[in-house]
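Pasting a structure here, questions to come.
Note that the chains are named A, B, C and D in the order they appear, and that numbering of residues resets to 1 at the start of each chain.
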Amino acid sequence: MARYGELRERVFEANLALVRAGLVVLTFGNVSGVDRDEGVLAIKPSGVAYDELGPESMVVVDLETGETVAGDGRPSSDTPTHRVLYRRFAEVGGIVHTHSAAATAWAQAGRELPCLGTTHADHFRGAVPVTRALTTDEIYGDYEERTGDVIVETFAERRLDPRETPAVLVVSHGPFAWGAGLDDAVENAIALETVAAIAIDTVALRADVAALDGALHQRHFSRKHGPGAYYGQPR
Amino acid sequence: MARYGELRERVFEANLALVRAGLVVLTFGNVSGVDRDEGVLAIKPSGVAYDELGPESMVVVDLETGETVAGDGRPSSDTPTHRVLYRRFAEVGGIVHTHSAAATAWAQAGRELPCLGTTHADHFRGAVPVTRALTTDEIYGDYEERTGDVIVETFAERRLDPRETPAVLVVSHGPFAWGAGLDDAVENAIALETVAAIAIDTVALRADVAALDGALHQRHFSRKHGPGAYYGQPR
Amino acid sequence: MARYGELRERVFEANLALVRAGLVVLTFGNVSGVDRDEGVLAIKPSGVAYDELGPESMVVVDLETGETVAGDGRPSSDTPTHRVLYRRFAEVGGIVHTHSAAATAWAQAGRELPCLGTTHADHFRGAVPVTRALTTDEIYGDYEERTGDVIVETFAERRLDPRETPAVLVVSHGPFAWGAGLDDAVENAIALETVAAIAIDTVALRADVAALDGALHQRHFSRKHGPGAYYGQPR
Amino acid sequence: MARYGELRERVFEANLALVRAGLVVLTFGNVSGVDRDEGVLAIKPSGVAYDELGPESMVVVDLETGETVAGDGRPSSDTPTHRVLYRRFAEVGGIVHTHSAAATAWAQAGRELPCLGTTHADHFRGAVPVTRALTTDEIYGDYEERTGDVIVETFAERRLDPRETPAVLVVSHGPFAWGAGLDDAVENAIALETVAAIAIDTVALRADVAALDGALHQRHFSRKHGPGAYYGQPR
């Protein structure tokens, strides 16, 4: 059996789930999963068509050094961004990057995605933030690693908890979403695109719509998260 | 055979119809049906993926007490809202709750959905109303039950007949639709999303569009409803 | 073999083509075809789900009297509109009525659909007109027949040729499209929805966009229509 | 084996890929491929439904004379435009013309498609330009050939390299995209429609959004293009 076979199998399946959910056009987008005991992540290879992928195409990369430790292909060019997020966001088990249409429109507009309703509050505490633009030096340096850094900086400056706000909009680029596991990461990416699309129509209907009332936001968020959660089945 | 087998079967099928109609993303949304002789409703379990559902997963709940009387899972967290609606709207046989995109955009914008054409008038008399926001006390109390109450309050204050306007937009949340039976409830949920989407484009094309002329509204509504109805086949 | 079997078969197939093209939600919409030698049209029955239809469900109606001459069901409630159009527009062989989303948005906004590009010009000469609203008397009288009359009036007042502009937007209602045959009618309905959707985005990008230049319009229209047509294969 | 069998097979497959990608409605759109050694292009026949096409339906036309050298049908009416582009853009191996919705909306609005994010920058250097309108003389002359000329003129005046900006918006008409090979051409057409749709939502969210920062644009473009490219797998 291939090395890291189970991790690669799960990452492969998560990449397919992204396609089935309609979040991916061409080869835009990639999913990774982490094995913290082994200190590695597995990720989609760069620029390969989804119908040519199998579990064994997933590339396994060392979290610290970035070296490929299993797999024949070149890992996604966004791998350094994933590595930064895994190293700095300790609780993250899976990361999804897409150019999904509605979330990307907010990112391109340079607007954070405000929480306008309970669909959003069920998944994200408060607005999904948008990063600052990278400087020219950052762009011409280790661009993908700096993209990870600016995400971490955004969460630090706004005192956001990546477990509670498991997504970000990279300005002029697109969304990253994550979760404790791969399934959560994929679900959050789908939820993000869904609420981003509804929010576009909401602001078209009321340009000055206010963010959700704090009490309602807290109530909905805590239906799904934390000790008093009562959404879903007992585990 | 399972208890309430026929009711659960029909509720299961209605939940699937919702998915087929594209009204559901992830696990957002639920359908319930009522058996008034038995004093129970059957509803989707909370937070379970649609492809893991079967008729036997439907949870049967006592209309008055809210206690589960059949089924292993925890019922949808929105069950108290459904219970209020069945108790207060005597003619309702099925209820559908979704976060369908266009109707949710109107709900998030806090705008009632005006009747802008005959597609709307065929299903809903007048605007589909939007509720007031819940107070903080209501949110931190029995939130889902208060959501039912504010729907009932909205219909009472505007003197709306829930048989004639079988849907509502819960502000900052999303739509509920209902009907005399499960099929009607699903049809009304689909019709609501359809007219909500067309209405978004209509107001983009003419911001000050007026609601449908009263005579035309009455004519279309009565083609389908009441003693002079002549739409569809004789029953 | 059933009476008018071939006509009913073709009308049935055209109704299905409408569904496949995504123009129909629920039971909104109907297609009819005419047999002028027999003086009859065949049309979808009223309010029957598409998956319950077969060729033999198509109802055959006398063009002049409106009486059903074959078929068990009640014909579409819009049948009187179709009858007027067949009687007054001599060259029409098939008629499609839908509530397709984008065309209905223009109809609800009470705006004619301007010709904004060659996709439109390939199918329709000039704007697709929008009718005036019916008067209260017309609405409470033979409503569906008056709907046909106001379409004919619209074409007469604007000196439009129904062969060259094979569609109309009935204000606050939705589109009708037609053609020399059933295939043309279905194609024109699809083309109408397509150009209506593109036009919504076009006016969002440039509110004051001008209608297509007359020469370009003429050129594109005549690529497909008239003696100098050179689009498609020789027949 | 049919003449030019391999070229026609590839052009046929590329036409189908366009349909699968959802870029084509009815018979709008065509793909061609070139064989520069033979001095011919192969292209879809005019106005034939996609489900009636096979490799042998592709029409082979002489690049210089425009004469059909293989195939029974009449070539796409847009063939003269394709011929101009192949003759003047020496590096182009495949050309795709569609009326895809979002790109056509920009073309109808007469607006170039600005580069608003990295999805765009990955495929196109700078804005995708929009042509000037043809004059009446050009329209009534060899219209399709003049359409090719005005594309070439647009690239010359703006000093654009068709290898770096492999698409154009023909004003009031729709997009053409191309590439070194057929696969590239199809990919660029899909990418164009994708970024055009996201850009519509972006400008709705921020009307005065600025084009992408030059450094970020250069970085993303060069991830995929040129000697330092590191996106995708080594070839």
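Operating definition for what follows: a residue touches a chain if its C-beta (ideal position, glycine included) is under 8 Å from a C-beta of that chain, and two chains touch if they have at least 3 such contacts.
Not measured: the values here are computed from a predicted model.
Can you list every chain in contact with both subunit B and subunit C?
Chains in contact with subunit B as well as subunit C: not a single one.
Report the chain whose CA-based centre is farthest from the CA-based centre of subunit D.
Result for the farthest chain: B.
Whole-Å distance, subunit A centre to subunit C centre, using C-alpha means?
Comparing mean C-alpha positions, subunit C is 46 Å from subunit A.
Find the geometric centre of each of subunit A and subunit D from their Cα atoms only, then give the gap between the two centres in Å, rounded to an integer.
33
For subunit C, write out the residues touching at least two other chains, lowest number first.
Within subunit C, residues 204 contact more than one other chain.
Which two-chain combinations touch?
Result for touching pairs of chains: A-B, A-D, B-C, C-D.
List the residues on subunit C that touch subunit B in their complex, please.
By the definition above, subunit C touches subunit B via 25-26, 28, 45-48, 73-74, 77, 99, 101-102, 104-111, 133-134, 136, 139-140, 143, 172-174, 200, 203-204.
State the interface residues of subunit C toward subunit D in the complex, per the touch definition above.
Going through subunit C, the ones touching subunit D are 116-119, 122, 187, 190-191, 194, 197-199, 201-202, 204-206, 209, 212-213, 215-216, 219, 223, 230-234.
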